[in-house]
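To keep things simple, chains are lettered A, B, C and D as they appear, and every chain counts its residues starting from 1.
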Amino acid sequence: MDDHPTGAPIDAPEFNRRMHALVPLSGQLGIVATAMRPDGSATARLPYLPAFVRPGGSVSGPAIMALADVAIFAGVNARIGWTPMALTANLNTTFLKPPQPEDLIAEADVLRFGRRLAVYAVRIVSASAPMEVVAHATGSYALPGSR
Amino acid sequence: MDDHPTGAPIDAPEFNRRMHALVPLSGQLGIVATAMRPDGSATARLPYLPAFVRPGGSVSGPAIMALADVAIFAGVNARIGWTPMALTANLNTTFLKPPQPEDLIAEADVLRFGRRLAVYAVRIVSASAPMEVVAHATGSYALPGSR
Amino acid sequence: MDDHPTGAPIDAPEFNRRMHALVPLSGQLGIVATAMRPDGSATARLPYLPAFVRPGGSVSGPAIMALADVAIFAGVNARIGWTPMALTANLNTTFLKPPQPEDLIAEADVLRFGRRLAVYAVRIVSASAPMEVVAHATGSYALPGSR
Amino acid sequence: MDDHPTGAPIDAPEFNRRMHALVPLSGQLGIVATAMRPDGSATARLPYLPAFVRPGGSVSGPAIMALADVAIFAGVNARIGWTPMALTANLNTTFLKPPQPEDLIAEADVLRFGRRLAVYAVRIVSASAPMEVVAHATGSYALPGSR
């Protein structure tokens, strides 16, 4: 699948490069990790594209869910190194307020990082209004057994 | 936003045409409603695209969540007519088994259709194995107040 | 904790006896499994008690969530035998309609039964109106590793 | 149902008195609000009772879910005054780590407080280890229309 050793430390630029190669949809959407921290937290950004528009002039739900999912994936890779086979087990997204059509930022924080499962909470805000949460997600990733 | 009267009956081909115009991301992903029934249930299909690939050769989670979301949106429009301003309030998706890289089908069924909120369960299967659920979602849509 | 071998087949009366001994709260609430099937599905019942009342004359949410949780636990025990260390990992309950103050019945069905995790959907109805779902839950149980 | 005007300000002791009268199950479980703040956040406590034990010596899931539900209910009453007809619409609880058999504390924070729906995140910790989250919930309450 790729030539990079599983579990090797990885930073955000390299993570984005590999993710966009292995999960092309994330690259098409333009989602990038902007910060990956050793504790497993991460920040990701969804640059606004006209294709994301939704009736009412907001950002469509699937784009927001993709952002939340990538933010958690970045956090998992920040904590345990390159792990392409970490898989989403569950994502529960609550849409709190239709965001303006602009860049969105997701902040993913670890609730619990177990051996087999990592559980996260994600807060999503608009780039221009970072104090107002527009969507909130909780998600879990199943971690590959070979670790 | 569009010239079509809210609440007017709509069939799947016309729904797809309007949805792809108003929510361009759904069109880029290629998601289509294939059945819309008066009781509010609906079927949607995600034709497989190489961009959906995920490490392990499966379909990426965001594509699956987008499919579930559109299936519910189609169901809402099937039940109460054209309602572009119906908005996802919550979507909780559980990924049960990584699907093969092929078309996916979502079946959305009404759990409760209230005046202000519609709640659905969605079962997602691979086109070639319709008896095995690969993902399950529950979702709610907020309905516009002017109905 | 108890003298019964993990994994041994168990029927509903015996399950109820052990569960009420090991999880006293379930006994205080009066929840009983009424059917446990080899495929992992199960039915549980919450006999109405005055303590469950809620403003508006309905049944309080925590009693309903307890019923859903026990129904899944019964299903897990139906499928893999007596497994007291199976633990709830997640329960997502949506309250669709305030039920009348009467007995409630939960039907738990397997969405996926893996080696480490069992995922269920649960439909909850009033005893007198079995066709109307008053609450819906999806839940997952972590299965002990020694199986 | 009770003689208290809906929407009147209420503090934690009075809230507990009325809640235990109107929702007897909460009183039987012994759950109390310990702080209710004007911004809609609240703290609730579940004093440990032997009935809450669970195989493995932990606290049973339904007791934890009841605590999360009451914490949100307290928060809603803190924000908009006495509102007995506020009803749980959804509660999604993730169990992160089996807590020790001791008192649990829930901290409920507002994600969004709308006119018709209030959405919360709840963190649950053991009284002796307040930095470690043992369970996390997101929940929404439907607010009565007459406000």
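Heads up, the rule we're going with is that a residue touches a chain if its C-beta (ideal position, glycine included) is under 8 Å from a C-beta of that chain, and two chains touch if they have at least 3 such contacts.
Keep in mind it's a predicted model, so treat the numbers as computed, not measured.
Student: Which chain has its C-alpha centroid at the greatest distance from the C-alpha centroid of chain D?
Tutor: So the farthest one, by centre of C-alpha atoms, is B.
Student: Hey, which pair has more contacts between C-betas, A-C or A-B?
Tutor: A-B
Student: On a C-alpha centroid basis, what's the spacing between chain B and chain C, in Å?
Tutor: 30
Student: Once you find the CA centre of chain A and the CA centre of chain B, what distance in Å lies between them?
Tutor: Taking the average C-alpha coordinate of chain A and of chain B, the gap between them is 22 Å.
Student: Hey, how far is the Cα centre of chain A from the one of chain C, in Å?
Tutor: Here the centre of chain C sits 34 Å away from the centre of chain A.
Student: On chain D, where are the residues touching two or more other chains?
Tutor: 89-90, 92, 94, 140
Student: Residues of chain D touching chain B in their complex?
Tutor: Residues 89-90, 92, 116-117, 140.
Student: For the complex, give me every residue of chain A touching chain D.
Tutor: Residues 92, 94, 96-97, 111-112, 119, 121, 133, 136, 138, 140.
Student: What residues of chain A sit close enough to touch chain B in their complex?
Tutor: 1-2, 22-26, 28-29, 50-56, 58, 60-63, 65-66, 69-70, 84-85, 87-95, 98
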